[in-house]
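Below are two complexes that have subunit A in common, paired first with subunit B and then with subunit C.
Moving on to the complex of A and B:
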């Protein structure tokens, strides 16, 4: 029998332009099957118990507002976030461009080292205008450029794909913890 | 301490006063309200603003105008040092001084005739609004903008944006919610600063970009509803919301009293701000009538716009999470009851 010695709490903030499907990702993950509503989020918080690699975690998901000018409200939760889920919509080029022009700068200004996971939503939708669709090469190059830890393509309504997002969340938190520990270790050895 | 590099940048931008103070707010990255409060609050400034600024320059033993010109236009000079000196000598908060500099000193304005006209208008308005609460003295006041030819209390900048959104936004899904492309936003901002009458159609710019530009205009200028009135407004509305929350449809006379309370607060807003608020809310009300086409009903519009209209300072995440409800409800009420609040119609 696996013993659950400690139950860790991991806090993540989900960000990205308005209407890319941030709240829907949260809803799908927590199993809220209510019919899609169309209400903008100012701020919202979910707590979910989950299991990953044999350990139990409480995931605190802060669902934030995609309004660029809501910075004062949104950034209040940044400091305690251990990981960011940064979303854009595959069929909305503007939301992809905002990643570079807006979201990465906003996050990095306050949290220099917090891991970021790039999530491409709307896997199931294609825009009629080819120019609006974002190709894989494009976002992979953004990933390299900013040292983003992982990326996931999903449809906000697909439970399995959304689960993958949150597995990556936990994985990157564990990784960054280990990295920090080994850094300290190396530092000590080098002395 | 503030970053003087930024500060330096902000002086090198276009030489109109409006633009500089506008940039000052965006570059220094401080909540506009803090800046405004600092410059307005008399407790921070025992001296009249003008004296203070003059002092600051006489300490350095240079004619005011030369110094200002040097600071703002000649980029080879060690502006940073000068500015630093100013501040250390006077031992005043940097913010206060910067703000004062912009509001008091006559910076070269591109069109002098227009500037004079503006000043005249300002004086008139000040006489009218003397003694009334809600007149704020920010470096970026709405009265400083070029006014519309059809409505002397409405900045042309706002009218140009709203007119465009009124015509093009009805079919734009998520209008005011989906942000515009950043590059386009910047292009349009520059165009509008150069000429607020610019024909947006000729620029091939999407309607949600225009909405984003308008939102950041309101965010960067003085608050439409000044801080002290904002508190009153929230108080008046809180009671209204509480009743609605309790599930019981409030008794008719009671509901009316609350709405009257809110309307009373709105009437205390200074004339230009009131006019702009009325114009903007009326526009939102019209827009929300077409919710089937763009999915933005009054509630959704309120959720995407209340922090633009109301300026709340949240000290912590938890505090914020608790108190975001009321302001959203207030703006929704304003939009829904627009006719009652602004046009003398019966409540609906």
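Moving on to the complex of A and C:
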């Protein structure tokens, strides 16, 4: 092991409306092959060992509830998490709209600077109603508006695409660490 | 099969009618009754059940908030407006429930779980709070479901109320640990439903029916467990508890709520032993010594045959009586000839209060309704104690002007035969309400403070008799 930090723990929280596929993303990433169930989640925690850019990481994934009413339980894990994975469904306009109206305000209220990754799920599904589908321009504009670090389009069942999501998670954590360090440098230099 | 289910249905209806009549007319008595049988069902004392959480919790909550909560939390709590359950809002919500329950809406995937459009929901919510007509054409089923959910969330108390929180906790733990506990849980839940405030009941009943139907519709992919997870915080969890508390409590309560959703309409049936208790209470109110009588007749002869023979042999005896038992009580008096009593010296000569012989100087006393309730329990003592023997519970006023006493006594009627076998002490207890005139002389109620109370009743009586 060359790296002096051989193992680091990264905590990330998955948020987003109900039934967009949050739990499915976790399951696909872990490699849990149980049959899909449609039960609402209260909270779940998964710990996964991964390698990224030569370093080993323990990913702690908090799978939170999409029910807006479970706010008290969900926000418990917000303070600890270093990244947020914000999900919406490409074929469900409502879930996209509530990103702006509900999720980003809730996250920003508690964690002002934590990086957020936008994940568009349901790449493989198209709703029959054209109006229900979310176009790329729309969510790119949302990204710019709220300073979201990265976005990934995926299907919750596709292992490679889901892996990409978590690579982005680790990348953004490293980035934000660097940023913070450089910020401290700037501060010191400015004095 | 169909006949038995029909009969059960009719029994249930009758029980429901009895129970709700009692609930509305004598809420205290009703509550006491249900609480005691609930206590038996879950093996808890009445104090444990009725925890009066509401009284204690506010202090605790304020303390907690001051110590642990941050400033932004307090702000958000202040901002939140509590919705209130009023008949108006309930009727508006029922419209919404009906809308969600329509066959094309209930099949929507993820009903209650998906969030729907928030801006549309805001307008609907506004309409709901103003109690104006809800524009159902604009909204989707998800919007409707969420407005309904949020309304219940914003109530100042969970929908199932804090009062019986202890019982719900107990039931939840019972249900998770034991598989056999389902019948008792259902019974206890049925009684808890009856103890709920009527506004909450009116909302919960259609809601549970809707949720039950939703869980039974496979197209929407919602199971009872999923629905329970969504609704548990609104149904049972204390609004003021913190996140960690909620996390533990929701998990236990989820099973209970899922069970409630699964049982659906069965939740609002009347448990059988309660129904029996209530109906016997009503019989007690109609015929004071019904229970005592029953115990006596059980020892001697089946009551049913007696009734039949009375009805066939002497139809005049019971001109307008509906129930056979009541007629029996009247006939007893006739069976024993007045001469016999005079000889025995226990009773003074009878004064029959007919139109000619009514004695104006004799005030007719009727017990107050609540006295009747309290005296019911003492029926067994009356046989032993001579002075207390005078306190009679009269039948409801509808029967008071029926000319039963005009009929001649039948010397060899089966009833008189039967009552000859009954010891004298018991006969007195079985005196009919009609024969109250001799008792009036010694009635202890004459000394009671409410002397002017039944005056009206007396006037009524005489008018009718003339």
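FYI, the second predicted complex is superposed on the first by the 186 of 191 C-alpha atoms of A that agree within 3 Å, B and C clash if a C-alpha of one lies under 4 Å from a C-alpha of the other, contacts with A are read in each partner's own complex, and residues count from 1 in each chain.
In this text, contacts are C-beta pairs under 8 Å (C-beta built on N, C-alpha and C of every residue); 3 or more make two chains touch, one makes a residue touch a chain.
The structure presented is a predicted model; accordingly, all values stated were derived computationally and were not measured.
A.B. asks: Both complexes share subunit A, so when I overlay them there, do subunit B and subunit C fit or clash?
C.D. replies: clash
A.B. asks: In the overlay, answer first, second, both or neither for which of subunit B and subunit C A:157 touches.
C.D. replies: neither
A.B. asks: For A:80, select first, second, both or neither according to whether it touches subunit B, subunit C, the two together, or no partner.
C.D. replies: first
A.B. asks: Check the residue A:38 against both partner chains and state whether it touches subunit B (first), subunit C (second), both, or neither.
C.D. replies: It touches subunit B and subunit C both.
A.B. asks: Could you look at A:19 and tell me whether it touches subunit B, subunit C, both or neither (first, second, both, neither)?
C.D. replies: After superposition on chain A, A:19 lies in contact with both partners, subunit B and subunit C.
A.B. asks: So, does A:69 touch the first partner subunit B, the second partner subunit C, both, or neither?
C.D. replies: both
A.B. asks: Between 6-14, 24-32 or 114-122, which run of subunit B pushes into subunit C after the superposition?
C.D. replies: The stretch that clashes with subunit C is 24-32.
A.B. asks: Residues on subunit A in contact with subunit B in one complex and with subunit C in the other?
C.D. replies: 17-19, 38-43, 66-70, 72-73, 76, 94-95, 97-98, 101-102
A.B. asks: Which part of subunit B faces subunit A closely enough to touch in the complex?
C.D. replies: Touching subunit A from subunit B are residues 31, 174, 177-183, 212, 215-216, 219, 295, 299-300, 303-304, 306-308, 312-314, 316-317, 320-321, 324, 328.
A.B. asks: Using the touch definition from the top, list the residues of subunit C that touch subunit A in their complex.
C.D. replies: Its residues touching subunit A are 72, 109-110, 113-119, 142, 149-150, 153, 221-223, 225-226, 229-230, 233-234, 242-244, 246-247, 250-251, 254.
A.B. asks: Enumerate the contact residues on subunit A facing subunit C in the complex.
C.D. replies: 17-19, 38-43, 65-70, 72-73, 75-76, 92-95, 97-98, 101-102, 109
A.B. asks: Show me the residue ranges of subunit A that touch subunit B in the complex, using the header's touch definition.
C.D. replies: 17-19, 38-43, 45, 66-70, 72-73, 76-77, 80, 94-95, 97-98, 101-102
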